[in-house]
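Handing you a structure now.
Chain IDs A, B, C, D, E and F follow the sequence of writing; residue 1 opens each chain.
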Amino acid sequence: MHRLHAEKMITVITSDVLENRLIQAVKKRGATGYTIFRAHGAGTSGEQSGMLDVDTNIVFQVVVPLSKVGALLDALEELGRKGHHLRVMVADVGVLWPEKFE
Amino acid sequence: MHRLHAEKMITVITSDVLENRLIQAVKKRGATGYTIFRAHGAGTSGEQSGMLDVDTNIVFQVVVPLSKVGALLDALEELGRKGHHLRVMVADVGVLWPEKFE
Amino acid sequence: MHRLHAEKMITVITSDVLENRLIQAVKKRGATGYTIFRAHGAGTSGEQSGMLDVDTNIVFQVVVPLSKVGALLDALEELGRKGHHLRVMVADVGVLWPEKFE
Amino acid sequence: MLSNLLIPAVLFFALGFLARVIKSDLRFPADLAKALSIYLLMAIGLHGGYELGKADLLTAMNSVMWALLLGFGMPLIGYTILVLSKKVDAMNAAAISAHYGSVSAGTFLTAVAYLDSLQIEYDSYPVIMLAVMESPAIVVGLLLAAWSRRRLAAQQGVSAAGTANGDDRGGSGQLTHILRDAFTNGSVVLLIGAMVIGAVAAPQSMVKIKPFIEEIFMGVLCLFLLEMGMEAARRIGEFRRVGAVLIVFGVAMPLLGGLIGVLVGHWVLGFGVGGTLLVAVLAASASYIAVPPAMRLAVPEANASLYLTLSLGITFPFNVVFGIPLYHALTNWVVGL
Amino acid sequence: MLSNLLIPAVLFFALGFLARVIKSDLRFPADLAKALSIYLLMAIGLHGGYELGKADLLTAMNSVMWALLLGFGMPLIGYTILVLSKKVDAMNAAAISAHYGSVSAGTFLTAVAYLDSLQIEYDSYPVIMLAVMESPAIVVGLLLAAWSRRRLAAQQGVSAAGTANGDDRGGSGQLTHILRDAFTNGSVVLLIGAMVIGAVAAPQSMVKIKPFIEEIFMGVLCLFLLEMGMEAARRIGEFRRVGAVLIVFGVAMPLLGGLIGVLVGHWVLGFGVGGTLLVAVLAASASYIAVPPAMRLAVPEANASLYLTLSLGITFPFNVVFGIPLYHALTNWVVGL
Amino acid sequence: MLSNLLIPAVLFFALGFLARVIKSDLRFPADLAKALSIYLLMAIGLHGGYELGKADLLTAMNSVMWALLLGFGMPLIGYTILVLSKKVDAMNAAAISAHYGSVSAGTFLTAVAYLDSLQIEYDSYPVIMLAVMESPAIVVGLLLAAWSRRRLAAQQGVSAAGTANGDDRGGSGQLTHILRDAFTNGSVVLLIGAMVIGAVAAPQSMVKIKPFIEEIFMGVLCLFLLEMGMEAARRIGEFRRVGAVLIVFGVAMPLLGGLIGVLVGHWVLGFGVGGTLLVAVLAASASYIAVPPAMRLAVPEANASLYLTLSLGITFPFNVVFGIPLYHALTNWVVGL
């Protein structure tokens, strides 16, 4: 797949109320965009049924070049240190039109 | 990314009516949590428009350490053997705070 | 994981209005199915709040064997060339029951 | 039939159907149809319960008994026909026939709108029958499936214990589980719960809730049928997967049900034209809300595409457009005998 | 204008706008706005169709004809202005101007609420015009885009055949496709379908549906405008991407449309003050429901951000807050001539 | 208490609770509950604002002042009790107690339905108090949290500046931020906005919107409480995480609030039985819509599971089923003194 360019996809699963914080965080670190969808689930902090705003999870995804991953993870670790519940996963993806993600 | 720890993300795409079965299955095999969102789509069993409960797909995701993948896949294969329609995909992810997923 | 078979998962993030085009495109290239869910987000073309049809993103996912990836990417590049805004990501997945994805 | 086609509810169903046929991009948000159906169940339940508070207990119990009989009987008839037809295996026969023992609230409400538009009065008992008929068919379907599964396994010389009911369910507690699942089904709980509330709530407090369940009811039904018209058209497009014999079944079964319903409604329960037509519709209609998820979960061996296409793509539109006026004509004839 | 600002519909629009401006976390679930807009289209359609059943055929056909003329004409005017302004390329000019030939149901309904609050009567014909005006502008927009695309390609010496209409669409069937897409547009189908149902349904069956389309109508409109206020504020924030010339266009175009609408409404169609104001609003308003998806799909070369900001962020709030009382004043003046 | 249990709103709450207990698969689409709560806030606001337009300014201002006092005072009482109990740390105490200074619109509306069903009149002032009481408790909660955070940090010898309020918020502007967040909270904006609209809108234009906010109100409330019953049952299941002492707090705190509310309502504000009961409910109820997201965002150190279980799983059902008739009895007794 010579036309695919290697990038990293960072996925954050957390509460809906953190949406704006995450948007600010990735904008500040130079991501070209982000994608969000709502989810329900359960984890160490109990069930998130998705029925009330406070009870809804978001899956927040951002694709960035490797060079920007470190700063983003720093920001996410900082949120975690303050007590917010976040799950953070990083995966390898190959993207078409890498210039869109720079 | 020395701070990222390798885990596996198992994604199951199936009918909404199996949600509770899947939750029971992953809880029993020691996953720390799971994330679910609704989807529509089509496959060998036709179109799932998402309009009726029976017609709605879920995407069910669970992140586990490699050591738990085998048992989970066994459970999913068992469901498939009974006739349920499942699509199962496993991907590599690097996670922050791996202790959250043990 | 000897029972997992390597395939590719293609994820397209784009506007809701392209849903039918994408379905036609993957059907024509022999995918056995696809999965779609709605999302909101932002990118170079501004914020997609998800409130109006024109303002809603879809995440479109299709899992195919490596042999079909090329033709699919061609189709997606063709859409991009016409001016449509698409983000295309390809990832490695291992699937159970690979015959379902042939 | 012409007067049927002048009812907004039927016309909106046709509009939805047409929208799919002409490939319009008209589309409902995914949760809207689900929300509308919750509203409809709640409103039918409250309304029915309120009427029942004023009803004759003996007739009510008689109706409930016959509703149970219809709910248990129709799937047995359907199963026999399907197995004899040799077009589907036993598991599919069980799953499909369960749908015909249950009822379609959408069809029932369209019949109510039909009666309203012709200004024909109707008894309130069929609403209880509607609530009662959701569950028995699920039970019968699951029992037929369990029985077929055991027979199949016996033929193949293996044990069927727990084949489809998962890790947690041994053979022993299975009947309990089947009954539990059938009676804790979401639509059943909502419908029967609302009915009880309608029956026991203080009358002066019901006054406040009445506009919600009465004034906007017909409009919500129209919206719901608009969406269901789209779903029916989507499903009818898959009729090739189903085959001619099954399509005949999808029309013959409601006709048979309608006939049985007319006889039960008029001769056994002694209802007038309106009530009899509604019983006919109960017997003739097939579930597409409560039964399919139950079958998908507990009879995974059956092909969901078959029962959904039959129930939603064939029987539902047939009943809404042709069935209701037909059963009406039949009722008039039987009542006039 | 003050009396305009005392109408709940306008006030809710302002509230939504304000909520975004003060960065409130007030947020609608994503499907709610879509559901509300389905309800509004259904209700307008039924209401309009019902009125039409009682209307004068000749006036109705005359209104339809002038609606078509406005729908075809306004985009041509808009396109010419935009191309002459040299601020956007031909593809963007085509996509933007299509929005101004179509209409905004939200603005129309706010005008109706405005008339109601002033207890001014209005003719029922503008509702048909509303339904009719959704599609022509889409057609003109797509034709202008196809024409511009061909011209651009000719300049660059390549063939434009099929450039934007995908794998499956050759040059030959393209006009058919454009027409089909324009008339199977979801909102068009729902609006015209509901109108036909309202016109043909048996009157006694319409009685049952009336509370749904009348009593809760204004409240639903308020909720819808609350959400649209938030969307407008979100879009207006992107005005920098749009530039001053386009912003002027987003205000001048409705003013021009309002003027034309007043002339057509009063002089040509002979409506009273109410009906004339509504025609002015039809001509002045820009679509943000039906046209944008059509343009995004078929004119991908255009920048969606431009037309959405103009239609939703500039013209819509302008019309709701300033336009309606302005066109009212203009109407009073013209009627008084 | 029996008459309380014959109100549809309470019965639907019980039905939802029961549905979860019997493990029914009854489920609302995720956005429905959010949409219903938007409707309820809008309707209460409009209704309250409309009534206020006709109210006595002095009594209104007096009510507002006491609403503020209750909103600021209840969390301080709760915080003190919790800290003294030593069962939770200071951050959790701050977050939990904030919920008790705010109010639950669902409980308030159930009390209104209760009064309606007993045909007891009530003053309109408590609706303003409801609107006013959303924010102060958030402010107090955030201040208590900031203060506790600083104390904890001092104990541990580190600086707490900005610990929980993110990149963008230094220590200096923090109070402004807290106030801003509390008053731009979505429910606060919607409720107060609708109230202002109800007060200023032209009366003849309010007529059109009234059926929407009055006729279907009770039905929507029932649907909402059905869903909240399911949520309460889900939460009560987690009571083991909470521990006996906190459960006692979840019952004692509303009892205390109810008592204070009765005294304020009758002795201070001079309301009749209806109005006094409503003030009691305001003081007794705990927020589960506005406060939890604010705490989750700004007090991440606190355990969301604790405050949600207390507010939604303990205090809410207690108030709806036992609290309201209890506060009513208390009111009767105090009024009779």
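Following the convention adopted for this analysis, a residue touches a chain if its C-beta (ideal position, glycine included) is under 8 Å from a C-beta of that chain, and two chains touch if they have at least 3 such contacts.
Since this is a predicted model, take the numbers as computed values, not measurements.
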{"item": "D-F against B-D, pair bridged by the larger set of C-beta contacts", "value": "D-F"}
{"item": "Centroid-based (C-alpha) most distant chain relative to subunit C", "value": "F"}
{"item": "Per Cα centroids, the chain farthest from subunit A", "value": "D"}
{"item": "Interface sides of subunit A and subunit B: same vs different residues, half threshold", "value": "different"}
{"item": "Between subunit D and subunit E, centroid-to-centroid distance (C-alpha), Å", "value": "41"}
{"item": "Distance between the centres, which are taken as Cα means, of subunit F and subunit A, whole angstrom", "value": "33"}
{"item": "Whole-Å gap between the CA centroids of subunit A and subunit D", "value": "44"}
{"item": "Multi-chain contact sites of subunit B, meaning residues that touch two or more partners", "value": "37-38, 40, 53, 91-92"}
{"item": "Multi-chain contact sites of subunit F, meaning residues that touch two or more partners", "value": "25, 27-28, 30-31, 34-35, 186, 211, 215-216, 293"}
{"item": "Complex contact set, residues of subunit D against subunit B", "value": "28, 30, 33-34, 163-164, 166-168, 227, 230-231, 234, 238, 241, 288-289, 292-293, 296-297, 300-305, 308"}
{"item": "Interface residues, subunit E side, partner subunit F - complex", "value": "3, 6-8, 11-12, 15, 18-19, 22-32, 35, 113, 116-117, 119, 211, 215-220, 222-223, 226"}
{"item": "Parts of subunit C lying in touch with subunit B, wherever the complex brings them together", "value": "1, 3-4, 7, 9, 23, 32-37, 63, 91-97, 100-101"}
{"item": "In the complex with subunit E, residue positions of subunit C that touch it", "value": "15-18, 21, 24-25, 28, 38, 40, 45-47, 49-56, 75, 78-79, 82-85"}
{"item": "In the complex, subunit C residues that touch subunit A", "value": "11, 13, 37-44, 57, 59, 69-70, 73, 76-77, 80, 86-92"}
